[in-house]
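Shared chain: chain A. Partners: chain B in the first complex, chain C in the second.
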Partner chain A sequence: MMSVIGRAQPRVDGPLKVSGKALYASDHRFPGMVYAVPVCSTIANGEIQGIDTSAASLMPGVHAIFHRENIGTLFRATVNHEFGADMVHLDETRAPLEDDVIRYYGQYVALAVADTFERAMAAADAVKVTYRSLQPNVDGQLAPETNRKTESERGDPAKAFGEAEVRVDQTYDLPPETHNPIELHASVALWDGTTFTLYETSQGVVNHRNVLAQMLGVSKENVRVITKFMGSGFGGKLWPWTQSALAAAAARQLDKPVKLVVSRRMMFQNVGHRPRVQQRIRLSATRDGRLTSLRQDWVNHTSILDDYKENCGEATPQMYSVPNLRITSALARRNVGSPSPMRGPGAVPGLWATESAMDELALKLGIDPVELRLINEPELDEGLKIPFSSRHLKECLTTGASRFGWAERDPRVGSMKRDGLTLGWGMAGCSWQAARFPCAAAVELRDDGTARVSCATQDIGTGTYTIVAQLAGETLGLPIDKVEAVLGDTQLPAGPLSGGSAATAAVVPAVLEAAGKAIDALLALATTAPGSKFAGRKAADLEYTSGRVHPKGEPATSGIAFETFLRLGNLGAVSGLGSSEGCGAFGTTKPKFSSHSFGAHFVEVTWQPEIARLRVSRVVTVIDAGRILNPLAGRNQIEGAVVMGIGMSLFEETSYDQRTGAPINSNLADYIVAANADVPALEVHFVEYPDTKLNALGARGIGEIGLAGVAAAIANAVYHATGVRVRELPITIEDLLT
Partner chain B sequence: MQSFAFIRTEDASTAIASGAKSKTAQQGASVRFVAGGTTLIDLMKLNVERPEHVIDINRLPLDRIEPLADGGLKIGATVRNSDLANHAIVQRDYPVLSQAILAGASAQLRNMATTGGNLLQRTRCMYFRDTASACNKREPGTGCSAIFGANRTLAILGTSEHCIATNPSDMNVAMAALEATIHVQGINGARSIPIGDFHLLPGSTPDRETVLEPGDLITHVTLAPPAPRSRSFYLKLRDRASYEFALASAAVVVTVEGGRVTRARIALGGVGTKPWRSTEAEALLTGEPVGEPTFRRAANAALRDARPQSQNGFKVELAKRCLVHALKEATL
Partner chain C sequence: MQDGIGEVFAQCPMEHTMNTRQQVFATPDEPVATRSESATGAGDVVHVTLRINGTAYGLQLDPRTTLLDCLRETVGLTGTKKGCDHGQCGACTVHVDGRRVNSCLSLGVMHEGEEITTIEGIGQPGALHPVQAAFLACDAYQCGYCTSGQIMSAVALLDEACGPEDADVRECMSGNICRCGAYPNIVAAIRQVRGKP
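Moving on, here comes the complex of A and B:
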């Protein structure tokens, strides 16, 4: 039945992107547009004493230098964490320029606006700010300052640990990591005296609209947010950041379109990051490898004003069968900008620690690490005490082992060699919650024989346009080139955030329902349109098949093309509106099933001790994410995530200067991410078991699962090659140069 | 970035006369020559360089690679790195130079970067590039932020209490091992400078990086004929597999006769405040049997004076292994 779904469909937006016709936020330009460049604080803790704009104001082409006293009123937004059309969420809650207190390095203190970007930069440089400076705290040792909170608990883990035969008790550190999509954050703001139109790079245009309406003090109807294309976000663009409000406020003050593009340096200061996380993991087991207790106590840094919790226990309660478990969290305040979700928030740092600890436990037990995980496979979600909707982790482990050749592994450290190189083989399991956001979508059948499907969600580079067009085309029986997919505009039916790997799952039921309703409207029209062959018949006697209307029981080829009825009725289109409720972590109702994606990574590293050179040489990843709607886009997601995992494991770390609090490696030469040459052969395999308890097609999201577990698999392989157990990422040359 | 006058010239003497109007040819110069622009424009955007006049020398006839009568090679100052690395004579006679250039930057940058510009490549020290930080190289007398700051990538050889910035160039390391000669045209005529004398140690004046004076224009570089029966090799070690500056690198040019090293030229990169020629290592190698013990002694000698900082102690051992491995590769 499903001919388009599951097919390797190339991106419908591909030609626009490779020909440069796809307009990203900062590509938009308007008559009279001016350029804004923020002035960033050069201290991380203290107070502004004075801002001297006299020289900057007089520079050529300068329209204004905005600061606290002349930017106009900017409010804080009242947050509403409930996902959906009324959601209001942001991670930095303070309105920009609200007071003179500096709480992190690079905080915006003023905004220079000029007729060219270069002149605005020069003017921003010429603004003289004086500070009363205090010692910032960016300490990497995170003693929790606020109370420890229990996140999940069962049994008596302390007692079980005390009585256990085999134990692991280790602490695992993850440094701050910065989202570095190629497309910088950018806002182009237009104000017409009543309404703001904001071209943004947003993973959630509806929420962005809701937040900005409150900050600007206008009604929601008077803010339109548009994100047509995105050069990736990785979670960093889920929520609005302060530059958006600044650009809009400047547009209102000057009555001109304003463009504000955040610099790469500001990306490290002002628009979120994955926080530093320290996790103590305690595991205990019987001699035959059954887990008897698991404790995970984490602390993550957060900003001075906002409580960002990196939910490291996201996967832990359900990952393995263990009768005694306790997970606790704590925050440590630092003079840093607010952290924000980064791809796989919580689960990715959490699994780095727990899957490393599982490897250490396997070593102590003398049990193969794949076997240890198989032994501890649970029957149900022991955290929520409900069954899984669909769980095939065991098959991921065994399929991965077989595809990788794991049976050939000699567990002795440094024992495996090839071409003069020492090999290390490591593996880890992974998991990511499957959920869906509330969603509305519209489908139209138009008088030119085409269809239009629309939803105020976004394509963040992951293929949402293509999936939506595939879905609508499938349901309407139309080829994909007859379907126009329209996204990324708050004037469309309120769609979901592109995040949490939950967008696709949300869009599927809404589009299916909308298409069904559009067909119903068409059939009704066929019975009433003047001159219709089916005039006077009951709609229930008619059927729609592949663009044609025909009486039930007669072949579709005998039917009449749907556009005929639109012409007869003198209608441009018939339409249907569909919607779906949220469920799982992003819904409101208590779930009956525990829904997650699962997977396993098998990694080979090569090690050359004579020059301390470590490279990842092979990765086999097996993912259980339900039905894969588009294998091309799906594989692309997993491969990209594994590459990101190589960066997380071996390279990435935002370094704060302890004296100034500055993220000092704030550029792509000093903040090292994986380059093409670091990417080995990647094999991705999907075990496809449609999760129909989640949605009709059985599709779960795949944006995040691919990154979870990679770091542990690499660290485990590094231990196998070198005998060095690294518990603080990234794994660097100096860790291994023994 | 501040406004500047951009002047395109087709005549070297005009460029030199304009350059001579600057008070210095070092940090803070008011007149700068631009060829590929891969360092200068970058630093201008960061306000680290703020020249009032930028003179485009791309139209000067300095873009040729010519064999010399003595068997050496003359390389014009504006020859692009990619052209130099892929030149047949360079690949045949000076493979270390080709390897070093290709180990650096990206293909796009190498297509723009030039021989003269690479000789003058500025440090990647993060504090030098950040005008909010104290830096003696950028603003003499303000102090060195790196010594008690982020110094993992910085130098362990040739440092001073005022500056520990690394010379980031790969090409310079190969040029040092090849004992290149740099030819300069100034207001008082032409002169030639051995590469070992071209770059300065930071001492108490880290803002002075080379012996160039206002108006001095690098016109070309010459290489002596390759030493008979010599073999050369460049090895670069870094965190990721490409597109990153060296944590340690080694350029070696060695001649082996009867199992013994008869001539060696050794330079290290990523560890020195200038391209780091090690005559100590060369002396220890000469006359000695090929093999790891000899190479290790040479490496120990090359790093004997290393003064690591809080985060870069690993570079001492890394540089040693780098040199030993490069020597092994060159003597296989």
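Moving on, here comes the complex of A and C:
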């Protein structure tokens, strides 16, 4: 046992990915397939007065120009708050083309369909839409437009703050960020008169099916959603967006396969973003560094119709020991598309603010920022008043400090130099919820000596194919190349979203149970199959070891290969179905333990004031995420998150034109993400304490924790180098020219 | 390579493409315009023969068709990916006469007589190019979507005047965005291949 789990395992789907053979949504092609290109609103507020399709309809190869009057009925989906097989969730709740009201720039107003992509593009350009236009509101200054909602509260923070010896009271801004996976959102829709087959890029095929069934007005048995490979999503593909319903509706109207690939510009308009967030943080402490109060009051923008809350207080109540705390939220409506969860929603913006404020507090106190965090380590989750299932933040802090060489840090601003460059050293702690979605999975033992493990989850790029193959291989005692992993199809047992860092934790118990049941079925077969050496014996007297069945107490090598019994019984396979309930944020019962991943980032920046050049030159990250099932893919996840954090800190901002409401930098030359040359060598270390209260192997998901805290660590390092405290991301050269 | 393409077609049967395939080496004198012309001439098609991964394809292309869309939608080689259509992300990188180009910034009809190489022409499972094998071993990807472009750039880089340091590789690979952020492993994979004699 335990030969595959925890070992660096190259991805089982790797050969397909490196050879261009992995099929993503837009790679699917079918006879008679036509191409759909949306027509996007060129205003952000107002209404459609008329749509003239006369020229476009006559263009060569055009099959249809769809708009509100001829797309057919599309319904709104009713959102529920489940996370299992019946979950229905989406952020833009309005059905596409539902009315003539325009609420954000780029809203789909029509859809051109033609026999080639070029002809559909040309036809979409030729659709003439006239509008009654109103001034849009995309103002970046946010004031609460809803009543402040208290998210968490204890003690009397106002009183404690008023009486405190040392205080910090600052506001931290995060601009809108766009997920920008390199794979564009895409839908290839087939309709056979009864059933839709939708090739999607979805972080949740089950949810996608449930939502689309409602929008299309068919039963969910008549919708099949397939995502074999996805070019990541970062939360942007958690829920369906309106192009999916448009493609399916067009396929039904035309009775043809329809391919709709969203453009990069539309990626900034129509498929979600992390909203602008402004957070006021008030901290107070005693002279010896004990926190006495913490207040976090945030506003995030949302769309005109939908109430998207960026849950910035996700980590705050449990991060540090503080007797008096209040966290409140409010929304401000803007003429933007609906925001949506983006990697580490809530915690990532929240920790950007609170971990910056902790650095400011450390400076005021004259206490080392690592020490300040160690001083305020809590005994239990003071928000939920329950113990932690496993918390090793202190070890992350001390290990990170040691690996980084933090003891050498001279705290004076601009005091550290190397090769003519000014160095800045900063750090921050991080946290992200550990939870588990409900999950079902099936495992088969087949007559050719191989196994198949299947689940209607999907591999967003984190390595889920490999994890489920490892899990099944481990339990069945088979080498990983004898295990076929099948994901990304709603015809499989209902599996979890690829989100919330909760997929891995969810598939562990389901796959382990399914494999166990498959073994049980095999042992029963061995006692009944005609001609079996073990016919007539009790299954309980038999044992399965590494692919062989043998009597208990006898060596496994004396056993008989499992496929022998399948052949004797004339069975293609025996199978087992496993399932597990959700827990934590995605469970239905009150948790007994507070489960989170933790970590610490230590960052070095170099600053050249002569040419105003700022670079991140070194990052050491230590993560407590329970047991790491595949350290190769696991380290990659954390490194990738740190890379995204460098982009978040220094480059990323979606800018809205105040006059038109358009996201004006809606391309990858003007919305900058970190490129290879922006990234130094990264050091990632895991402190491995299996969190067995979450699942038998003690594994937590690690997709998000690595991004949390990076921006604060970089901003803190920038302060150390330059003396400039930047409280509005991204940190630009202009901020530092003092 | 013929077999590889055949497989792609087998997976994704498409009438239009199968016809195109049958037209390989068809006489170029056939009338090329198959539809009534619009006032803008948008109904025109141009007959070209493109050499892709060593095979000649006789194609009737809309002159607006980018090399990227020609590869993906007309020929059916979907290993080359579309990420931005603006030459900003590098996912569509292919080789034209051995040099890497963004296929989204180039029209299909411009490449007659040139040798086009896509990821399908670099290596296949079971017979991977050393760069592909290094990407696999070093986990130099996550979602895999930008990977074809990264590998096409990396293969080209081996013959370019790229300095020996990791910093040089990072610079030479910065036209290919990996939003998953697998850059350290991409650099490690290239270092591994370049380190071999």
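Just so we're on the same page, the second predicted complex is superposed on the first by the 737 of 738 C-alpha atoms of A that agree within 3 Å, B and C clash if a C-alpha of one lies under 4 Å from a C-alpha of the other, contacts with A are read in each partner's own complex, and residues count from 1 in each chain.
In this section, a residue touches a chain if its C-beta (ideal position, glycine included) is under 8 Å from a C-beta of that chain, and two chains touch if they have at least 3 such contacts.
These figures come from a predicted structure and were not determined experimentally.
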item	value
First (chain B), second (chain C), both or neither touched by A:R224	neither
Chain B versus chain C as contact partner of A:I182, first or second or both or neither	second
Which superposed partner A:A122 touches (first chain B, second chain C, both, neither)	both
Partner chain(s) touched by A:G32 [first = chain B, second = chain C, both, neither]	second
Touched chain A residues, chain B compared with chain C	C
Touched partner set for A:D13, first chain B, second chain C, both or neither	second
Which superposed partner A:R276 touches (first chain B, second chain C, both, neither)	neither
A:F234 touches, of chain B and chain C: first, second, both or neither?	second
First (chain B), second (chain C), both or neither touched by A:A675	both
Which of chain B and chain C A:Q637 touches, first, second, both or neither	second
Shared chain A surface residues [contacts with chain B and with chain C]	118, 121-122, 667, 669, 674-678
Interfacial residue positions of chain C with respect to chain A in the complex	11-17, 35-38, 40, 42-43, 62, 64-65, 69, 72-73, 76-86, 88-89, 91, 118-120, 122-126, 128, 132-133, 135-137, 139, 141-148, 151, 166-167, 169-171, 173-187
List of chain A residues in touch with chain B within their complex	42, 118, 121-122, 125, 610-613, 615, 650-651, 655, 657-660, 662, 664-665, 667, 669-670, 672, 674-678, 732-734, 737
Chain B residues within the chain A interface of the complex	1-3, 47, 124, 126-127, 129-130, 132-133, 145, 148-150, 153, 235, 237, 239-245, 247, 313-314, 317-318, 321-322, 324-325
Parts of chain A lying in touch with chain C, wherever the complex brings them together	10-11, 13-24, 26-33, 58-61, 116-119, 121-122, 180-184, 229-232, 234, 261, 263-264, 460-463, 632-633, 636-637, 639-644, 667-669, 673-679, 681-682
